[in-house]
Each structure stands twice: as structure tokens, then as C-alpha cells.
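So, here come the structures, one by one.
You will see two complexes here that share subunit A, one where it goes with subunit B and one where it goes with subunit C.
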Partner chain A sequence: MATIQAERAVATARASRGGKSGLRYGIAFIGPFVALYVVFVLIPVVQAVVMSVHDWDLLGHTREFIGVDNYVRMLWGVDITWSMGHLFWWRLAVLALAAVVVVSAVRRRRLTVWNAAGAIGLVAIAFALGFHPGETGFWYDPRFWTALQNTLLFTAVSTPLIAGLGLVMALALQGGRRGARWYQMAFFLPYILPVSVVTLIWTYFLSPNQGLLAALLEPLGIAPIPWLSSTDTAMIAIIATTVWWTVGFNLVLFAAGLQDVDASLYEAASLDGAGPWGKFIHVTLPGIRHVLLLVMVMQVIASFQVFGQVNIMTGGGPGSATDVVIRHIYQTGFRDFELGYASAMSLVLFAIMLVVSVIQMKYLGKDESK
Partner chain B sequence: MTTAAVTSTPSAASSPAPQVRPPARSALRRASAASWYHVAMIVAAVVWLLPMLWMTSLALSDNAALTRETQFLIPRDITLDNLLGVFSVGLTSRWFLNSAVVSIVTTVLTVLLCAMAGYAFARIDFRGKAVVYASVLAGLMIPKEAMFVPLFTMVADVQMHNTYAALILPRIAAPLGVFLMTQFFSKVPHEVEEAARIDGAGPWRTFFFIMLPLARPAMIALAIFTFVQTWNDYLWPLVSATRSEMFTITTGLASLQGNFAQATELGSLMARGLVGSLPLLIIFLLFQRHLIRGISMTSGGK
Partner chain C sequence: MRKTRFAGAAASLTAAAMLLTACGTGTGTGSEAGSGADDLVDRIAAVTDDQLDGVTITMSRMFGDCEETTQGVTDPSLAASECEAIQILTNQFNAENEYGITVERLGGADWHSYYDAFNASVAGGDPADIANLHDYSMSDYAQRDQLLAFDPEAVGIDLSDSTAQAQSSVVYDDKTYAVPFDSHAILAHINTDILGAAGYMGEDGRPIMPTSADELLEMAAAVKEKTGTYLFSLGVANDDMAWRMFYSLVRQQGSDVVSADGEAQIDTPEAAAALELMNELIEGGYIHTDADYAGSIDEWKSGKSAILVNGTWVVNEYAATAPFGYAVTDFPALMGEPAVWASSHMWVLPRQRDDDPVAYRAALEFASFLYDNTDVWAVATGHIAPRVSVVESDAYQAAPNREFYTSTALNDIRFVPQIDNWTAVKDLIHTQLEEVWFNGKDVAAALAEAQSRVEQQLD
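So, the complex of A and B:
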């Protein structure tokens, strides 16, 4: 009886802080942060929306309302037609993916709203890919499409590479062996370097006549390759640089995740006669599912925003082989002074990133029903 | 740092641990498997660090020797001139100072404000808290790198470009920091606070003298993470600081890479890169556990 009363007293004491004094202290504690957050994070997003419907010149200070013209300029062109055959195989692949989503959902008898929305979204993408300029037509901003394509290519190649290599490295260091901490430090070290130092090292490291790589490949009979000045290899070089730079971060994430996997599950798997591969598939992968999801989402978000390496190492070139969306936005804003159009592109990039991360969370994290 | 990693690895390898006694042969096999493991890992680690070792070697080489040859790992005509010259020639020392001011102030303010907000979100009940917290978490989704255009016009409207304030303030409002601190404070037992309250401490005293000391590990991790991120920031300083005296070391070094004549000053250039990474290398050596813990926290919280 006495304890119940005491508990009640504590509860009311706690609740009393929810009253007037709670609000006062709450505002005092979160106020400074929230003020900066509103000014430097939320208002810029609103500002971006406002700017994107204006012809907003940086120098001339002309701010003319033009509605969706910026978006039309970005996404449309002259004499755009739709045809069945354009990008046929790509569209077929996307449609196949949509079919897989629907079929697997139906087989498991769980056709959720998310599955349906995903399938409809994929069909919509497949449809949209059919648009292209006709014989006398052209996109208003062909550079946007090149940059978007390069960004997607960079993301699609670098994300699995970084996640996969990070996981392999974490597995190699698993189990608290002697020296594992030192190896982890060695692999993690590049991550702390500023992007300009990373590019400094790699621009020269890859250089065909000065670089160490050419000297290392020479005994193997490989002639010096002009990595950064050839359209075929420039993106490969950017991706290799990025992998070297950032894989350590993901190695640490995976290492932390592997520690949390219940060791008794491995023993149970051994008793069931599972080999190393079986353990990896049935114990490790499910055990680190949430880390895998986190790494993939963070990598995709980071990859969509790739800028520094490209801007310093290749300047988007040769030609437009390594041009990416953020660089296009940067140049539109600060070289051509068209801030309205740059904002519109920022928002479209933001929207794409948002959709991709939501999809990843829904599909990769679907079995995480706790 | 590179030297530390390399000199220490052989010592770890030279003593493979045969802790198992029973059958001698299997112990032997295990020992040899362990040494093969270490040989493989050392080779991998050295290969991984090769570009950095090469940079260090070039920074220690004479510039004249570098015009003839650059493809070596042992410094040629070894000299410290490049490293000493970093601070006497050009604006590099100014950039270094800018980076130091911006990174230190950003780190201190970020940690303090995120800790305060995190404490309030975890421990103080007030109306509208859930809505505010949800909107802060939503901020995790907003890509900073993509929102620099409106941020630029905002700062331009108050004519604050090329100031420290412009470089610092937008970086402080980090939703991730608040998220981490809220997670941490919500795990602290309620009894701690109640004891403080019974002793007559108000929320401010409780926060500064009880909760902050408790939160030290989380704060150190957040601080190191913030420092590294701020020191390495590239896009925002690039658009915000247009006068070369206001460059940070990251944007400054990037600007040099376009200007330097091919190989004539390669040693100096590499020395600048080395010096520009030095604070991070030192922090890494001193606090790498905390840094790694900070990264792990971002995954452990979910």
C-alpha cells in the first residue's frame, strides 16, 4: 500500500514537470538548437521551393514568377515523342522487376499497399523511359540527363562495391583476433582525409607518366593507362577513389553489427551441419540485416550527392563522362547565376533520393517486424 | 599515423597465438594458419595504405628530384623543406587557421546544443515535444549537399558570406547529433535525476553537473565525428567563402590542385596535403576508439 502511494507520488512528480515549468525548461533547452535548425535546415527547403518557381538571377536580382517552367526545362524538350522501342531492354528489365515484385507478393499471399505501389511505380518508370526526342527534337537541358545518368551509374556501381567490400573486410577481421584492431585502423584511415587530399593523392597516383600505379603495373606488361583523361576509364577511376576513401566507414559499421550477432546461433548452425557459407547465409546475413540496410541507404544518399571527387579530379570530363547532378546544380547556380533553375534541380534530386531511400527501407527492412 | 600502423603490424604478426595445447600437430597447423592470416592481412593493409605512403614519400623528397622521377616509395634527396615551407609560402597557414577556428567552434557548439536538445527530448515533458522531435528527425532526410543554393541566397541576403559565422552556423543544426544524444539520455536511469532533484538541484544544475558528465562518452564520439566532418567539408565553404583568405584548408588545397604547374612543385603540394590532414591524423591516433564508437552508435541506435 505504502509503495503504491510512493509510486504514485513519483509519478505525479514526473507529471508535474509536464506542466508550466516543463514547457519553460523545454523551450530553454531545445530553443537554441531549434532556432538554428529552423533557420538553416527547414527554411532553406521552403526557400528552394519558392525559388524553383521563379526565374531567379543571382546577379541581376530579377525574380520573376514563371510557375513550372524550370521543371519543364529540366524534364522536357522540343519534339519529344514516345515510342515502344526506345531503351527497349532497359524497360523490359524494369517491367520484369515489377513482375517479380507482384509475383513474389502473390505467392506469399501478402499483396500489401507497398508492393502494389512499388510495382505501379516501376511500370510508370518503364513507361517514362519511352520518351525521347524525335528526329528534329532535343531535350531543353540534355546535360541534366547526362548528369543524372552518370550519378545513377556511380550510385549503382559504387554502393554494392563499397557495401560488399566493407562486409568482406569486416568478416576478415571478425572474431577479435590479435592485431585485428590495427588492420581495421589501416583500412579506416583514408576515411578521415579531406576530399581535396584524397583527390591530390589519387590524381597523381593514377597519372600515366608520374603515378605509382603505372610503375606497379609495368612489370605485369600493362602499358600506362590515362585513367582520368579517357572517357572509358574516368568514371572507373572516380569510383575506385571513392571506394578507397569511404569503405573504412562501412567496415566499422559492419564490424559493430557483426559483434551483435548472437554467437549461440553459429553453434546451433554448426550442429545442424552448416558450413561457413551456410552460416553466412542463414546466420550472419539475417543478423546484420539492419546494418546492411543502414549502409545501403547511407551509401545511396551519399552517392547521389557525389561532387568533390568529380569537381577536383576531372571537372566533369573528359567531355561529360563524369558530370554529376550536384556539379550541374553548382555550375548552373554559380557560373550561370540561374538560382531558380538550380533550386528546381536540387528539389528533383531530393525527391529522387527520398523515393529511393523509402523504397530501400520498405523492401530491405520488410522482415524486420519486431 | 601511417608509420604507426606499419611498424605495429609486424609485432602483432610475429607472435601468432597458439593457445591450444592438446594434439601438437593441430596446434601447429593452427599456428601456421594464423600466421598466413596475418601475412595476408598485412599485405592487404600495406597495399591499402600505399597511396598514402607514396604521398608521404613525395612530401619528403626534394622538388628538383621529383622533376626527374616520381615513381618510388623511398624518399629521394630526403628533405624537410617542403613541410617547413607549407607555413611560410602562400596562404596555407591562413587556411589552416580558418579550418581550425571553424572546426573547433562548430564542434563545441554542436555538442553543447545537441546535448541540451537531446536532454530535453529525452527527459523533460512539455507540450508539442513529439511534434518538434518528429520534425527534427525528418531533417535527417534533407540532403545538405543539395540545399546549398537557397542557403547561399539566405546568407547573401544578410551579407554574411566570407565570414566565420557563415561557415559555422549552418553546420551546427545537425539532426543526427540530437538523435544520438536523445538516444543516450533516454537510457540513463530515472533514479539519477530524482536523486539530484531531492538534493534540490534544478534542471540546469542537473544537466550541467550530473547529466553532461554522464554523457561524456557520447559527447566525445559526437565531437570527434563533427570535427572530422567539418574539417573535411568541401561544398559549403566552396560556395560561401569566395575570398581566398577565407578558404578552409579543404577548399584551399582543392584550389591549388588546378593552379600548380605539373611536377615542379609536387613535393610542396604533397606536403600541403599532409599538413592539411595532420590534425585529423592526430585526432585519429588519439581518439580512434571514440571515432569508431561514434560511427557504431549511428547504427546501434536503430
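So, the complex of A and C:
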């Protein structure tokens, strides 16, 4: 009996020592990351919060505490009123989306806190869209709203396009087709180019006077189009450039994801009489769900931060047709020396990106099989 | 327990961040640099030639990189671009200056990204010893005590030889903060083949330019009817050239968009007249809004327009490469007195943390050398020399086409107002002009909004 107790005590001591050394290894393992994360992410975020409540001059010595004035300047104006009719159809569409979220959840008898929060959020957006300047009113910073609108448009159009095209290309090159590796490399190649090179290539390509595209369209009877200097086409040109530049990265991610899908599932689906579309919906998509989530979240975050191609190719113009939030932040901070206001805008953009990412992870990351 | 630990960690983190916040983002010399200014002037004046021997100073400038073509070159006559001209002048100074001063250039930047790099260096507290700025931005740094005020005469810089515009552009709050290097203005670059076909070339082989808005519209109609081309090519989309034309038309009426004492005055009959004239040109199909800077040049070079609105900086290039008869003239006076948008490059001495008088003196010697060589710069680039003696010199007048914009050089140039953050103010006005050109906004509404926005900015 005493022997057994002694053995147990030794085992406990070993386990304890093992646990302590495991903890040490664990801390050593994550320590460098945590240190870098704190220094380069958390502290700058805290700094940004502090700066956003100050009138903080980049070059001077003005660091006056002004509370939420920067946020008021960004989000408010003079004689701002609320009316039911403002952006009526847009708001109706948002409310309809909220109704869909609630009704579908109730029908499935799975009304969760997330569904409720999503619906409430959409109703809040619909309500907020009712604010606008009155007859003699104006926004303090109308450029912020224009830039935000353009950023949302860019994100809404470019994200599904880049992700969808990446998936289609990955599917087309799936199954060890001849030359697949070569094509993958060719499609990935633009991704490694710096933005200056990408924009140079596309600026030349799109030039209405000397560009290759104009030369290609001319035999078809299409007159040269001023892609970058027309308000109708500038954003399209920016999106096309971005798609060409970044689609290769998603192609590689999807290609890797597709390799992980169990081939026997396709055989089973064939035996069940599934066609290509059925296999795609019921086998491929569930099989690459995690990759799809990764791609969508990363793409949305990247799209919200669009800057380089806009700054170089159009400078936010013509007019304000391609102005985006990061460019506004950059100019406010580095051209106008207003770091406090730039920080406030950065934090609002961060909040928007965070909310969108959480929604994506919640809905795209949902595992229906559980 | 966990909550307590978390709260403790969060408090520590916040404290650390606040500490970093307070200590970080150094902004140069600080207010203490402003104190003892007279003492600093005396210490700079007391620097001896021996102390300058072997001193190395840094320089930041906006004219790009051209190491391959300028390494070891000290003959300014070999310069064929802005970059080559300034780099060869720097090489020449390094090789020949009597003090043994060496100038090292900091990492290169073209003018698009120059101010970001410069601002970062100032904010980081480590700017170059001598830097190059435009006239409109000097006050932003001078008012923040980030530039050294100096006595130009003490280092042999005779500013009384400069044009009145150049002299006033280097002074802020009654102190001199810069040495002028050039002026650059918009000019009319002309395809004489097209103007000849339209009947607007004189017997002397020079273009016959309009002297009023009505004459301009007549000329535009004649060019369109007889040659099928646009009267003007100018960068409207994603470019400042159309703004510069608008600004010139306002200044030709004796007005400005911001008064000399810093009051917004954009909602005026003069601004409305300028904008309406430009609208008439657009609506008549005599100019269009689809061209950016490069597009406007391509269009003009391919013979689709009679006149390119562009700056002094391209005169040498077009004189050498235009595939048709080329002439250049002062931008025409259409709304009254001759006046045209202009800017300038100037040299400033950013304040340093250590306020080393020897480095300041070395930088002033280099600035003085550059001022002495504005003729080299102006002849090599097409820019206008800021010195009257240079503009009137035979060598300058003999350079390609310089004789045809002497009036601009000596009389017509109009610099923008020296106010806090001119770039942001200009952007607010330009945005409203673009609302008219691209979104059909009413002229009166656009100018009214520009007025209130600029007032808000200047408050």
C-alpha cells in the first residue's frame, strides 16, 4: 500500500514538473509573437485611440485634448436632419434584408443572439441612412462620406469578383491538367509585383492615346475610352487592375484547398447521380469552406484598405469618383498634418472592418454538419 | 482573479502606451528651438572657414534619381533634365567649394512623394540639413518653427536681385526662411501648323494670341471649324492644370481666391467669370475634361489640339522633340491684366535637434552656391530664373524660347497666397470646380460651397 502511494506521489511530482516545463515551453513558443503583437499592434491601436481624442499636429507641438470632436467632425454636420424619404429604396432594401435574417431564423427555429444582433444592426443602418443635411445644412467632412461610399462600392464589387474568379480558375486547373502548374505560376506572378509596377503597366495598357487596349478595340469600331479620366469608368479600371493583381493569390489558396477534398466523395456523388453542378454544391463547396472563409475575410480586409492603385492611377479622381477612405486618412495625416483626425477615421474604418469580418466569420464559418 | 489580472495587464499596457505616446513621435526641435534665435544667428556668423573644412551636410530634394548619368560629372552644360541639373550642380559644389564642404543627398524621391518623406523626417526629428520646398508650403514649416530663419546678406545672397514675387515668397512673418531657386508658371505651348491653318500665325512667324475672352472664343471656333481640332489640351481629370488655368483667369481680374490677409474670397464675380469662361470652352467642344496630364500631352503631340496648357518645365523638351512647328508664348491675358499661376522651388534649412551652427553655415554656403547658379538650372530645365539679372542676361535669353516668356518671368507670375496649409485649401476649391466640370453642379452653388468650406478650413 505504501509502495503504491509512493509511486503515485512520484508520478504526481513528474506530472507537475512536466506541466511546469510545458508551460515554460509554451510561453517561450508564443512569447516572441506576443511581444511583437503588443509592440506593433496593440500599442499603436491604443496610441491611435489616444490621438483620436486630441488635436494632434504631425509637425508641431499642438496636442490639445478635444474629446470626441474629431468623431463629430467626421460623422456630423450643420443642420443635419432625419427624414423617412431619404435614401428610401436603399433603406427599404436593408430593412428587407433584416426581415430575411429574422424570418429565416424563425422558420428554422434557430433564432440565435447572432441573428438578432444582425437584424438589429441592419435596422440601425437603415435608421442611420435617414440622416442628411437640411436645406441650409452640410456635412462637416463630405469627403469622408464620398470616400466611404467609394470604398464600400469597391469592396462590394471587387471582393466577390476576385474570390469568385480565383475559385473558377482553381477549378479549371484542378486535377493535374497539363500545364496547370505553369498557368498557376503565370496567374500568381502579378501578385508579387509592387503596386508601382502594376499601376504603371495598367496605366499604359489603358491609355486612350497609346494603350494596347485602345489598339485592340479600334478594329472593332470602338473609339478610345479615357478609362482613368472619366467618372464613368475610373472605378471600373481600378477594380480591373486590382483583380489582375491579386486574383492569383486566391487561386493558389483555392487550389490548395481543393486538393484536400476527399476524392472518394466525388465518386460517391457520381454513384448517387450528381452532375458537375451537384458535385460542386454538395462536395466541393463544403470541402473548401474554411478556405472560402479565409479568402473572403482576407479579401474584404484588403479591399477596405485599397489605396496604392487609386493614389497612383487616379489620385482619387476624376472629381472624387475614386476617392477612398485610406487616401483621405493618408492626406489628412501626412498632407494636412492632422494626426488626431486621421486616427479617428482610421478607428472608424477599423470598426467597420471588424464588424464585417465578424459577420463573415459567423455566417461563412458556420458548420451546418454539426 | 482573472479579471483582476486582466485589468492589471490592461492598465500596464495603457500606461506603457501613454508613456510611448508622450515620448514618441518626436517633432524636431520643439519650441525651445525658437528661443535663443539671436544667439544662434551670432553663433552661425561666428563660424570660421576652418571649422567648415571637412563638414558633411545632408540634402533632400524632389527631382528624382539620376546617379547613372551624373556620377563624377561636374560640368553643368551636360545637364539635360531637372535631376541632372541639380545633381551636377551638387557634384560641382562638392568638387570646387573653397571650404571643403561635402553635400550628401538623402534617399531619392520625386515630387509626388517628396513631401511625405520630408514630413516624416521632420516629424522624426531628423530632417536633412538643406531641403527643397515649394513656395506654398514654406509657411507650414516656418510657422511651426521647423525652419531656420537667416540673414541672406550675411552669406552673400543678394535677394534684391530677385523678382518681387520671389522676394516675398521666401519671407514669412518678416523673416527670411528660404533661398529662391526658380519660378515655374503655365505657358501656352503651340502647334504652329494648326494655328497657321486656322489663320492665327503672324507674318513674323509668331502666334497671334487672343487678348480677351471674346477673342479666345472666336479663335476656338475658327480652330475647330478650319482644322477640326481642340483649341486647348489640358489636364482636367486627376490633374491640377485646369485649376491653374482657372486661378490664372481669376488673378487676371486683379482678384484672388484667398486675400493677402488670409480671408476666403472665392465666391466672387471674378471667380464666377473665370469658371464660366472655362465652361463655355468645354460646352463649345473647344476643350474637354477627359484628359489627365499625360493624356493632354499625348493629345497635343498627336496633333489633336492647337495649344497645350503646360508649364515652363517642358520647354526644352518640346523645342527638341515636337513633331510639328513649335512655339511657346506667355499664357494670354484674357480677363484683364497679364497674370498667370506660378510656383517656385526654394531651398530651406530645417531646424536640427543640435542646432549645430557649423552645419547651418555649411548649408547656407551651399544654398548661396545654388542661388549663384540659378542660370544653370533655368537654362537646363526651362524653369524661370528668380533673378532679374539672369532673366535679362544674353545667355538666358539665348536659350530656346526664353525670350518668348520674359514677360511671365518678370511681371506676370502670381504665386498662391502664403497661408496655413494651402494644399488643403486649394483642394477644397478644386473639388468644387470638379463638381462643376464632372457632375454638372451649378457655378454659383459650387463657389458658395467652396467659400464656406475654405472659411471653415481657415478658421
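The criterion applied here is as follows: the second predicted complex is superposed on the first by the 330 of 370 C-alpha atoms of A that agree within 3 Å, B and C clash if a C-alpha of one lies under 4 Å from a C-alpha of the other, contacts with A are read in each partner's own complex, and residues count from 1 in each chain.
In this section, a contact is a pair of C-beta atoms (placed from the backbone, for glycine too) under 8 Å apart; a residue touches a chain by one contact, two chains touch by 3 or more.
Quick caveat: nothing in here was measured; it's all calculated off a predicted structure.
Aligning the two structures on subunit A places subunit B and subunit C in a clash. Once the two complexes are laid over each other on the shared chain, residue contacts for A:I329 go to subunit B alone; subunit C is not touched.
Legend: residue contacts after superposition of the two complexes on their common chain; A:A321 is shown touching subunit C, with no touch to subunit B. Touch criterion met: A:R143 reaches subunit C, while subunit B stays clear of it.
Here subunit B and subunit C are compared by how many residues of subunit A each touches, and B touches more. Contact with neither subunit B nor subunit C is seen for A:V68 once the two complexes are overlaid on the shared chain.
By the touch criterion defined above, A:I43 lies against subunit B and subunit C together after alignment on the C-alpha atoms of chain A. In the overlay built on the shared chain, the residue A:V100 is in contact with neither subunit B nor subunit C. Of the two partner chains placed by superposition, A:V355 touches none, neither subunit B nor subunit C.
When the two structures are aligned on the shared chain, A:Q210 is found in touch with subunit B and with subunit C. In the superposed pair of complexes, A:M51 makes contact with subunit B and with subunit C alike.
42-43, 47, 51, 58, 203, 210, 334, 339 are the residues of subunit A that lie in the contact sets of both subunit B and subunit C, per the superposition on chain A.
The residues of subunit A lying in touch with subunit C in their complex are 38, 42-43, 46-47, 50-51, 57-61, 138, 140, 143, 203, 207-210, 226, 228-231, 314-321, 331, 334-337, 339.
Across the interface of their complex, subunit A is touched by residues 1-2, 5, 8-9, 12-13, 15-17, 34, 37-38, 41-42, 44-45, 48-52, 54-55, 58, 70-71, 73, 113-114, 116-117, 119-121, 124-127, 129, 132, 135-136, 139, 141-143, 145-154, 169-170, 172-173, 175, 178, 190, 194, 197, 203, 207, 228, 231-232, 234-235, 239, 249-254, 257, 262-263, 266, 269-270, 273, 276-277, 280-281, 283-284, 288, 291-292, 295-296, 298-300, 302 of subunit B. Note for the complex: subunit C touches subunit A at residues 13-14, 16-18, 20-21, 24-25, 27-28, 30-31, 115-116, 119-120, 122-123, 140-141, 144, 146, 236-238, 289-292, 294-295, 298-299, 302, 421, 423-424, 427, 431, 434-435, 437-439, 449, 452, 456.
Against subunit B, in their complex, subunit A makes its touches with residues 10, 13-15, 17-18, 22-23, 25-27, 29-30, 32-34, 36-37, 39-45, 47-48, 51, 56, 58, 172-173, 177-179, 182-190, 192-197, 199-205, 210-212, 214-215, 244, 249, 252-253, 255-257, 260, 290-291, 294, 301, 304-305, 307-308, 311-312, 326, 329-330, 333-334, 339, 342-343, 346, 349-350, 353-354, 357.
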